[in-house]
Each structure stands twice: as structure tokens, then as C-alpha cells.
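Note that chain A is present in both complexes that follow, paired respectively with chain B and with chain C.
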Partner chain A sequence: MKPAPFAYHIASTADAAAAALARAEGRAKPMAGGQSLGPMLNLRLARPELLVDLSNTPDLQGAQVEDDAIVYGACVTHAQIEDCVVPDPTPGWLSAAARHIAYRAVRNRGTIGGSLAHADPAADWVNIMMALGSSVLVAGPGGARAIAASQFMTGSYTTALAPDEIIAGLRILRRTPDARWGYWKFCRKAGDFAQASASVLVDAQRGDICILIGAIETTPAFLSDPEEILAGRRSIRDAVAQALPGRGDEGLGLHVAAVTRALAIARGERD
Partner chain B sequence: MSIVKTAQGVGASLPRLEDDRLLRGRGRFIADIKLPGMLDVAFVRSPVAHARVRSVAKPGQMAGSVFVSADLVGVSGIRADSGLPGFKSSVEPILAWDKVRFVGEPLAACVAGSRAEAEDIADLVMLELDELPAISEMTRACDADAPLVHEGWSENVFLETFVETNFAVAEKADLKVSRVLRTARQHMAPMEGRGVVAYWDAHVEQLVVYSSTQMPHIVRNGLAECLGCPQGMIRVVAPDVGGGFGYKGILLREEVCLAYLAMHLKRPMRWIEDRREQLTGNANCREHHYEITGYANRDGTLVAVDCEAIVDSGAYSLYPFSACLEAAQIASILPGPYSFAGYRCHTRSIASNKPPILPYRGVARTGVCFAMEVLMDLLAREIGMDPVAFRMKNLAQPEEMPFTNITNKFFDSGDYPESLRRCVAAIDLEGVRARQLAGEPDGRRIGVGFSVYCEQGAHGTSVYSGWGIPMVPGFEQANARLTPDGGLELRVGVQSHGQSLETTLAQVACEVLGIDPHKVKVVHGDTAITPYSTGTWGSRCMVMAGGAVAAACDVLAERVRAIAAHLLQADPADIVLGDGKATCGAGEISFQDVAKVWYRRPQDLPAHVDPAGLEVTQGYKPLRDSGTFSYASHAAVVAVDPATGGIEILDYAIVEDGGVLVNPMVVDGQIYGGAAQGIGTALYEEMLYNKEGQPLAATLADYHLPGAVEMPNIKLEHMETPSPLSRFGQKGLGEGGAIGPPAAIANAINDALASFGIEMLELPITPARVRASLANVKAQA
Partner chain C sequence: MTATTTLSVNGQAVSASVEPRTHLADFLRESLNLTATHIGCEHGVCGACTLFVEGRPVRSCLTFAVSCGGADVRTIEGLQDDPVMARLRAAFTAHHALQCGYCTPGMLATAYDIVTRLPGADEARIREELAGNLCRCTGYAGIVEAIRDVLAQGPHAHEFAQLARTAPSGAKAPALAAVAAPESSLPQQSASADEEIVGGVTLSRSVTVQASQERLWSIISDPMTVAKCFPGAKVDSVSPEGLVAGSFTVTIGAVSARFAGRGKVAFDGVAKSGMVSGMGDDGASRSRAQGKVAFSTAAEGADASLLVVDITYKIIGPLAQFARARLIAEIVDRLLKLFANNVQLLAEGKDVSIETGGFGLSMLLGAMVAALRRALFRE
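Up next, the complex of A and B:
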């Protein structure tokens, strides 16, 4: 379980990283915290010729405060969010979610940008960033661009990133305590990957309302007519069944439970 | 003879003497050993479960770094036969050459300056394999069209056993309950995997093999047999070992291979097992399948038990325990601590295209306890009796001790019903029942379950000679040497890898000799400097090595007393040993001064002193070596969420009788650790294989081990009924914690889900299995 040989480049800036990736013409991989790519390298499931290390790139660190949002550098770690070392644009929702990502050792190294780029369907940030309407800020030889989180992940482990692009940061909109939020996931044990997850956001001030289910083996899915579900006029099971066509009752149950519980949390009925 | 009792001897919760070294990171584990010029070895392993090997082609430019079976000239494969009639023999080739029989079987060894480079070379080795159909499901292994794992065998069965006693009584029973139960294949997951460092010591013309093993002397036996060289040419050393659990109670092919390469290349060789090798190539224990029927009368009498048990023993018979220990043990231990009249059990050890099995902590007992205790609950329900009352009625009673059960197991002592009574109190059964009636505000269902088991430990010659396997424990020996400065060195052939023997054996010496345990150095894990021993397994060390240390210290005490009496001009019978000195009235002399006279001022010795001096090797075996019987009752309270299948252990209680506890704190640790593994067996751990025999969990993200969060706060109580068989009344108990949990937890879950009409009979009981059962019931409704 040792990686195949690779060349190693420490990127000093986001643009330099993208340039190094461009030169390698698809035979390179960027690495931030290495919590997913590291094991894949060790198992020789990933065999890049060049590894571009982003973990010491200054312009990918920290947070920038904007009027309406906070921009996290791609290499902000889960632990920094958990510990509120970077400001939380929400009333503590991100910090609370970060606390339940994997284990502390993983959170110390793993990054929010890395998690989105890896695009594991069961990952927490994939679900939460979509639900919160965040934007993924991308750097590349073609220039910077922003992609809506809901457009970023294109499927299981695939994203809208070009091979020579990297995530530079995430713009996360501010939310006030008036907004209601619920996130619930089901794991077999603490720190495990989720087998079902659901986000519920009701932000009257911004007019945002959504219910999103994750850990569905592809990009998380928004349930249709969330207002009707919230009002109790549309059955959760029907909505989940519509979002997950072709799955039997047994396959839906866990996702229904996730939505039910995320809704209860958003309503303040459970922790 | 008299000894002054100290607060550090038998019965003291002395802090572990090895902790300072281990907790400060100063232990030396196999991967910490670095030798000049050392090369790393990576194995090319079979990617398929069953195939004929057409060729293993070395890469041209690297051919000198790759070794295949034909290169290991004069090396024999590993054979571990049982003497039981009908046993079919298999030979594990050191490197496979004609066939591969499971995914992960080694085909070639690649040698380089680092493991990464060795893996690069391994990538270049070309395999030509003609894949064959595989056996991955034991219940299909004897189908007419089943492929044979070993050609020449009539069917895929290592061994069949059959026992029957007075089974005709079953006919007259009022009722019966039959079920099929199953336990998953697991892997033992010690924190440190296996590993070997081997080098040729030209100076003493000796092969030195460092191995992460529980049994260095047995490994030396096996190495000498496979390499065809005299034992004196081999030294096996176990450094600090980071967990064993049975996983390291084996002669490894990798040990033989590295030994050969080190001898012939004259370079130190290292192989460190990685987690993928451990998970995919060596998931090797606990896969049982039971068809069990219990017969009972309406008055709550258990009448008879009938069982068809099969165990997936994997592809080969492993050295030294063989492929049949697990299944054949089922037949003898299934009745456990219950008294009943009729019994029948048929067992088969199945050969399959999976890694061969090893005895894991608890060995067959964990599966047997699950089958028997779930059956007890179901019988109680059928009778309409409380499961605790049903157990109470049928357990061996204290006045029957020593009790011989229906399979002639000799229960040396104890009060089984009392442990259950105390367990019922500890778990607050009444309170749980009240809560159950009230219902949970969050919709979860509460259930409570119990299990009772016994743990035969330190069983010796009389038991193992019957198995006829390559290893039969006899007398256990210890060497005790008073050093010239008055300290004590103990040399034992067992190996300590979490058992705390560096502490507890020192406590035994303290008890017998009256010496401060901090002045005792326990030396273990090295064939060159310790007496022969079968090693650490079967909950045997505290009884056997503890007994041997006591026996050696008895003799040493006599010799110290004789010299001290001479120096104090007293009668040896009047000498009292304690606190590191010999005392007679007002006169006293320290052990240091006694030792000084023997070693450095022999002119002061008495005229007829024992010339053997202050060094003693003494052997020990209990008068009756059928084993000590520790036992326990476990109780679990669980909450099951019908919406998700999620299971939470709300409360857990254990009332254990391990006889006289040499170090209660160490015992607590053993029980907590065992219980964690039992919880893994109950709820988490499962190595699935697809029908082609491919393992489906290659990392710990897929193979679920319980973590700290999943461990309940266990309420642990002790009873201390002394064993009449052992030196201090101590009993072997290292495995027990792992035996009780699956049964207690399964019974609790089945109690919680009883209103749905659901029984969970397959381990692990996962949320997905609970959801599937609920959906199944709903579909039928």
C-alpha cells in the first residue's frame, strides 16, 4: 500500500497550481488535505504522474468577509470551520455540521474545497453547499469563474472542473437566525460515510426554501414543491420517490427518515 | 514456610509496569526494527479466488528481485493435520505454483530497497491464471456441481464430526423450536498487523526471525520443519506486539519465505502487512451456520438440543491449530453451562475459496453462545416463560459443582444463577420493562436481552492430545533468577501482547517470594532466552505461566532461605521472606546481600549449599488440566429505530466470575476490550464475498469496526469463586468479554422488535438487515 512513483510540485499560488496542471495535460492531480486522494494513491487506484500540492498555497487559505457572504479559501479545513477559526456565515450551522464529518484527525487535514472537488455523493459539504446556494470559485488558465454549487457536481465523483482548473474558494451567503435550517444524516457509526442525508432551508428574508437529499449515489437532489412539503400538503415519501425514481420502498425509507428528521430539526422539534 | 503479604501481590490492582514504555512511545514493534542493508518485500497476491496457475512471469530487467515457488529450493509447504478420523489434509505452499485458492494468496515475493519500490516491481510481474469457479458460500460447498478446492478430495469438507447422547428423550418433549442462525466472516483487526524481519547472523550462524507473533517457539518449530534445518540454527523473537487475538497464533508463509530469502541472499528482509493485505487476504474467522432445534417441556425444563453446524474454514488448514478446531469445538461446547438430558450435534468444517480461518478471541464460543442463547430466548417465548426464569431453571446449580455437562466438560466451580441474578439487578430489568411499556417519545423500540456463557481456559494436554494437531501444550515452564543485585528475572515462553504479563507475573513472584514487583523483570518472546512454550492463546497464561512462575519462585524461596539462615545463624524454617528480605526475629538480610554471597562471595556460603544456586527452571501443570471455567452473564438494553434500523446500546452490564483475580484492573481492561470486539461481531463487522470469491471490503471504510463512540459504559461486576484447579484459584478469562455480546444484543433487539414479529438471526445485525426484515414483514401483511 505505497503509491506508484509520481513527481511532486508545491504550488505557491492558485494560478501557479492551475498552470502546473495545464502543463501536465491531464496526467496530474491537485491535492489539498489528501484525506481521499491519499488512500487512493496508496491503494494505487490513483496514479497521477504529477501531484500538485495545494496545502501550503497562501491564497487558498483563510476567509474573506464580504457584505453578503463569506468566502472560504478552498484549503480551509473542516476543523477550522468546526472550531470557528474562520467566521461562520450562518448562525452556527456550518460549525455544527463540521463537527460530525469523519473523525477529528480527518478534519484536521481535510478541506472544504477538497471535499467538493472529490465529489463523493455522501459528503456533507456537497449537500450543504448546494442547499445553502453557495458558489464555487474556480481558478484556471482561462481565468477565474464562479459556478453555482448546484451546477458544480455533475455526478458521482465528477464535477464541472476542467482538468487544469482548481477550486480557489467558496462563496457562502450569510444567513440570519430568522432562517430555519435542518441537516440530518444517517451513518452506521460515528465518523462513517452517510447512507442518507437531508438539508432543509427556509430563509424567508432571502426567499430561499429548499429540501435536498444526499448520499444517493449521485449529485444530491432537490425535492420538488418544498413549500407544499413544509406545509404538510405533500407527502415526503412521494417527494422522495419522485426524486429517486426506480427505487423500491426499502430503498426510499432511509431517505424519507432523513428528510423527516431534517424537517423536525428545522422546525425546532428535535436536535 | 511463611511469606509476608504485600499490597502488590495477587489481588492488587497494580498499575501496569509495561505502560511507561508503551505509552511514551518507547515500545519496539516490528516496523520499528531497522537493520543495516535491510530490504523490503512485497508479495504478488492472487487477484482471483480460484485458478490454475499457468505462469508467473518475472519482469526481464527485475528478474533478480523476484522470487517464485521454484526459487525456494528445498522448502516444504505448511501442513497442519488433525489426528481426528476422516480429516482431509491440505498443504499451504509458501508461494502458490499450481493453483491459487483464495484472493490474496501469495504467488511471488519482490525485493527492493523500499516497500514502494518492491510494490513497483510487483506491478510488473505478469500472471497467467486460468480462472475456475469458486466456492464462496459454505452452504453450497457440497452441492453436486460444486468445484473442488482441493482436487483429489471427494467433497469440500476438511472434517465431519458427530456426537449423540441420549437424544431419544427429545421425542417426549412438549415443544420444540427450530431456527437457522448465522455469524459473519470477520477479521480480527489488531491495531498492528503481522510483520516479519529476518536476517542471517553470520557470527553465530543463525537465522534470526523477528515476528509479530503470539507463539515464537511454535513458529520456530514450523520454520525448522519447512526449511529443513536444525532448530539451533533458528532464533525467533517477538518484539512488542500490537494486539493478537488469535491473528498472530500461526506459522505464516511470509515467515518461511522471508527466512529463506534472508538465509540465501544474506541480507536482512522485512515484510510489514498492510491493511489491505490484512482485510482482503486474511479475513479469517467466525463464519458459522447453525440449524438448531431446542426441545423443552411446558414446565420450563430444557430437554434436548439438536444442531447441524457448519463453519467456513477457508482454503487451507493453518499451522498449528488446523482447519477443524472451530467446527469440532462447536459440538463439544454448544451445551455450555446448561443441564439437559439429550444432545445431538453434527459439524462440518467446509473448505472454500476464502482465506483459511484462525481461532479468534473466544474461538467458537462467540458463535455457539449466540446460537444457544438466542434459542433459549425463543424457547422461553414459546413456553410463555420469562427468559431469565427459563435460564435460571436450566443452568448448572452451585450445589452441583464441580459439574460435568452432557459433553463431559468439567465445570470446576462457580454459581452461574447468581451471576445472572446480579446481572438482572445491574441492568435494572424492572425499570427497563416499565420503560418499555411506557414507550419512547421518539418512536424507538426498547429491548433487553441476556446471555450466559462459560469460558474454558488453560485447557492442556488431556484436551489437546485428542485433537491431534501439531501443537499439544504440556507442562509450562518458567525460569526465575535472583540477580546479583537482588532483583528478579523471570523468563517465560508465553508472549505478552496486551495481557499485561510483565505486571501480573511480577505480582505472582511478589506473592511467592516477597519481592517488590518493580524489581522483577519479565523476559518473554525470544526462543533463545526463554523456556519452550506453546505461547499465548486459549486464556492460558495466568493459570499456566502464573503457575510456573509460582513453582519456580517456591524453589527459589527455599534456596534463598537456606543461604539466609546460614548467614543469620538461624533455622531455615524460622526465616520469613518479605519486602525484599529474609527475616528471623530481629535479624534480617536483604535479598541483595543473599545474592551477593552466592554470586560474589561464595566463600561465605554454607557448606552444603544447593549447587543449582539462585536460578531455577520449574515446570507446572494443574493436577487436572481440563481447564478452568470462568463465566459471566451479560445484559444489554438497546433502542431500535424502526424508521432507519439504527441500533443504539443504551445500557450494558456484565457480571463475571474469573476466580481469584491476580490484578482486577487488568481484568477489567481485558473484559472491556473483549466486549468491544463482541459488539463489533454483533452489530458491525462483516467481510462479504461475492460469488466469485472477491472480498468486498478492502479498507476500513467498508469493514466497520466499532469505535469509542459505539462503546457503552459497561457496568462490570466481579464474583471471585476460586478455581480448585489452579495455584491461586485464578481462572483464564482473557477471551470472555468477546463471547457474550452478540447473544445478549441479538436477544435485546429481538425483544425490541417482537411486536413486529421480527427475529434477527444473522450477524451482524445491521440497520440494513433490520430495515429489510421490517419491509419483509410489511410486504407479507
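Up next, the complex of A and C:
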């Protein structure tokens, strides 16, 4: 339960981190809060030769306020979002979701950028950032680029990041209180990984409507015809079954429940 | 190699030379002899090692000492004279909130966080906040009662500073890649690939390739070509009897592993079908994957054909308990897609594209990924 030896580098800037990763030619790993990579190192499932520590990198911290969005540095922690230490671009949706990520001791170190880079299919931010139409801001030797959150995760634990790129931040669009939102997940125990999760967004002002299901062992999936589902003309079960082909009732049940409850939250029928 | 880290532990400045891989709990216990911090699971699940960094509870098994440069670290030893901790200790005693005491330092750290951060917490919230600390003796009732008791005496001020984190000054970054990772040694022995897979899981898949059945068959009936189409696969030798030696290098997320083993290939040129069976060992996880792939082809008109694949696998060893069929199925599907794309390219007379990252076909891959998440937390 002790990590294999590795060299250690504290990155002073995002670009310096990317340069260090590029020099290591795939034998290095970036680490933000280390709450996912840490266990993998301790279990020796991950054995990088070099660890590039981003947790204190100044340009990955804090939030920048833009007209239409708020940009979180990749190393903003779940606890900072929970405590509203950084401004919430939504009417409290992010703060409420952050509170239920793992445990407080994990939230104090775990980061939003790290969670997206780890790309666990059951992770909360993977689902929520996709549903909110956020962009992932990436730094690397080839220059900065932005990737839509819906294009970022390419499969379980797999992302569009190149080995020498890191997430610099997240651009999250502002949402007004007129917009409706629901997020619900099923966990066997408080703080455990979700076995099903669903986001519902209805933002008439921006014209954004989506229903997204997560914790499906791959990239979260948008349900087709969300307007019809919201209007009660399309069955949730049919829509979920279409998004998850080949699963029997047993495999669909939790996901149908998650969508039903997220919809109820978005309609204000339950907390 | 070691790095020097300077931090404050219970108000005392400490400067020490540590290996980068040393986590904070080990550093406190082994280097500073501060043994109140207990180590349980060492992967962030049990909460026994919870202590304070910058006034906030963290898992010290998931925090490297070298990353705490300039930080303020508080352990249970450092809170002996703290009035809030004194109230918690008295309440834990009064409510029988411990038996063996192993979880208690972590419980006290979390309890301190609850009573100072959440003055209005009710029993449900206390239980939710305690979910990250496991106790196998008490059934939690006494612990919850003790925290309620202390909350009722509140409000409580956080008695030690919650400092803004200052960037470590003068921290010297070790030279890049100064340490070479050790080569993992792989077991030499390999069991027979012919063994029946008892209790295996079977996945059936089919993909359409835009090529005639003849063309498809000419590609997939050559083990070397098939291996070329599977990123991460390497065939070292094929004997005339169809015995194959090779390996799969698998990289997904932060995990990279090499499974080496032997297998057997049999082709039926008349039916244009075949069977690959094999077994591979991963030295790092001391686990073994056993698999059998039956494949057949069928014409779908003159220019298209169907490749039907039935995969049966079984995982033996420490990773077996983590294998989840659906996650493995997702990985198999992604792999088959890559494989089909490469076969298609070959059928069109082009060279195959090997995706960077060496995503390979090991059933163990899925098991390993699944192993992570059960145990692990998100970043």
C-alpha cells in the first residue's frame, strides 16, 4: 500500500506543468488534489516516473468573472464550490451538488479539474458540466484550446487530453433563476459512487433543454427529444432504453428513477 | 531520491528530507513519531487518518508530505489543549463513542469539523458528514450522540487558524525523470491455454466491415495482422501448431500494465471461423486473465461482411472481486470499434492507425479500472 518511487515536480505555472509533462514523454502524471490518483498510486496500479503537482499552481486557482460565464481554475476544490468561496454561475446548483461529492475530507483537496481529467463515468462534475454546456479550457505545448464538456470525455477514464496537456479551467455559463435544474443520483451510501445519476436543464432564456444520464459506465448520454419527455408525451423508460440499448428492466430501473427524480426537482416538486 | 519539505506540525516548524512517495500519515508516524494518526485502508475510504491541513480535515494517506510545503498540519496530539477537542473527548467518553479506538482520531477530526462548521447540524446531517469515517465497533450511535451533545453546548469557534495556503518558497523541484520506474517482473509460468473457462462471462458482439468475406477472412486469419489491428497487442511468436506468445500493453487513465502470456489460435478456413484462447498474467496486480474468443464471418452482399465475436473471460486473483461485467463490456465495445476501423483500413489497402495511448484488449483492463473506482475517490 505504498506507492512505487517517483520523482516529484511542483509546477509553478500551467504552461510549466505542460512542459514538464512533454519532457517526460508519457512517463509522468499531473496531480491536482490527488484524491483519485492517490489511491491508484498507493495501490500501485499507477506507477508514473514523475508526478507533476498542480495543487499549488497559482494560475490554476480561483475564479474569473466574465460577462456571460464564470471560469473556474482547474484546482478549485469541491469544498470551495460547496462553501461558495468561488462565485457560483448558477442559482446555487453547483454548491448543492458539490456538497454530496464523496466526503468533506476528500472535498477539501479534490478538484473540479482533476475530477474531469480522471473521467470516472460516475463522477458528478462529468455529468453536470456536460448538462450545463461548459467548456474545458486546456493548456499544452501546442497552445491553449477549449473543448466542449460533451466532447471532452471519450469513454470510461478516457478524455480528449493529450499526454502533455492539462486542464487549466472550466468555463461555466451563467444561468438565471428563471432556468430550471434538477440533479439526482443514487448512491448505496452517502458519499459513495453513484450507481445512476441524471441532470435536467430547462433554460428558456438561452434555449437550452437537456436530460442527461450518468453513471452508465461510459460517457453520460443525452436522452433524445427532451421536450417531449418534459411535456409528458414521451415515456422516460422508452427514452432511457433507447440511450442504453441491450439492458433489461433490471439495468434500466435505477436510471429511470434518477431521471424521474431529477425531473421532479426541476419542476420544484421535490428537493 | 528525497526532497526537502518545510512545514508546520502542531505549531512547530519542521524541516525534513522525505521521499516524494511518502504520504503525510507515514511521515508523521515514522519520521516525527506522532502516532495518534492511525492508518487504516490507505486509499481514502476508512477515514482513520483524517487530520487537519490549513485547518481543514483531509485524508493524510492521500496527501503527500512533499506537497505540504509551507502548510499548517494539526494532528490529534496538537489539539490536546484545544477547548473544542476537550469537549469532544469528554462527550466521546460519556457516550461510549469508542471501543477499540482505532477509528477515534479520524472520528474526532471529523467531529471537530462538524461542530465548528455546521452549528445547526441535526442527526441526519451528522450521519451524512460521518459517512466518510468507518467504525466497526460502536454502530455509530454513541459517536452521533457525542457530537449532538457537543453541538448543543455550542456554538464553537474553530480554535486554530484556518490559514490561506501559501505557496512554498524556495521549494526545489527534483530533476525530471530522475528516477527510473522499476521494471515489473512477470511470472514465468503460464498455464495451459486450453483450460476450460469455468464460471466465465460471455459477451457477444458483431461488427460490419465494408469488405468482401474473402478479404475480411484474409486479414483476420493471420495472427500477426490481427495483433497489428489491436493497439497494445504484440505477438512475439506463432508456432506452426498455432501456439502464440505475446503480450498486451494497456494504458487507461493513469494505469499502465503489461500482461504477458501464451495462447492458442485455431482457424477453420472452410467455415471462415476460428478460435483464440489464452491466458495472461499481470505481475503488478498478481492477477490472471483467462479468455476465449470465438469468431466467425458471414457475407453481407458482395462488398460487406459481418464479423461475429463471442468473448468468454474470467479473472482470477486480487482483481477478480472488482470486475464488473458492464464496465468490461464498454471497454470491449470500444476496442472492437478500433479493431473494426483498423480491419477496414487494411481492407482498403491502407496502413492501420494505432491510437496513441496503447489501448489494448485485456479483460483485466476492465477489472483494473473497476478496481480503482470501488476503492477510490474522485479528484
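In this section, the second predicted complex is superposed on the first by the 271 of 271 C-alpha atoms of A that agree within 3 Å, B and C clash if a C-alpha of one lies under 4 Å from a C-alpha of the other, contacts with A are read in each partner's own complex, and residues count from 1 in each chain.
As a convention for this text, a contact is a pair of C-beta atoms (placed from the backbone, for glycine too) under 8 Å apart; a residue touches a chain by one contact, two chains touch by 3 or more.
From a predicted model like this one, the values you see are computed outputs, not experimental measurements.
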Fit or clash between chain C and chain B when superposed on chain A: clash
First (chain B), second (chain C), both or neither touched by A:51: second
Touched partner set for A:20, first chain B, second chain C, both or neither: second
First, second, both or neither for A:253, with chain B first and chain C second: first
Partner chain in contact with A:101 - chain B first, chain C second, else both or neither: second
First (chain B), second (chain C), both or neither touched by A:123: second
Chain C versus chain B, contacts on chain A by residue: C
First, second, both or neither for A:43, with chain B first and chain C second: both
Chain B versus chain C as contact partner of A:3, first or second or both or neither: both
Which superposed partner A:188 touches (first chain B, second chain C, both, neither): first
Clash-bearing segment of chain C, relative to chain B, as chosen among 6-14, 96-104 or 294-302: 96-104
Footprint overlap on chain A, where chain B in one structure and chain C in the other make contact: 1-5, 39, 43-44, 189-191, 193
Complex contacts: residues of chain B adjacent to chain A: 114-116, 119-120, 123, 274-277, 442, 641, 643-646, 684, 698-699, 701, 704, 706-707, 709-710, 766-767, 771-772, 775, 778
Residue ranges of chain A in contact with chain C within the complex: 1-10, 20, 23-24, 27-29, 32-51, 53, 55-56, 58, 79, 101-106, 108-111, 113-115, 117-120, 122-125, 155-158, 162-163, 189-191, 193, 217-218, 251
Of all residues in chain C, those that touch chain A in their complex: 1, 3, 19-21, 23, 26, 42-44, 47, 50, 53, 56-59, 61-64, 66-67, 69, 109-110, 113, 127-129, 131-133, 165, 167-168, 171, 173-182, 184, 252-257, 284-285, 324, 326-327, 329-331, 334, 356-357, 359, 368-369, 371-379
For the chain A and chain B complex, residues of the former touching the latter: 1-5, 39, 43-44, 186, 188-193, 195, 249-250, 253-254, 256-257, 260, 270
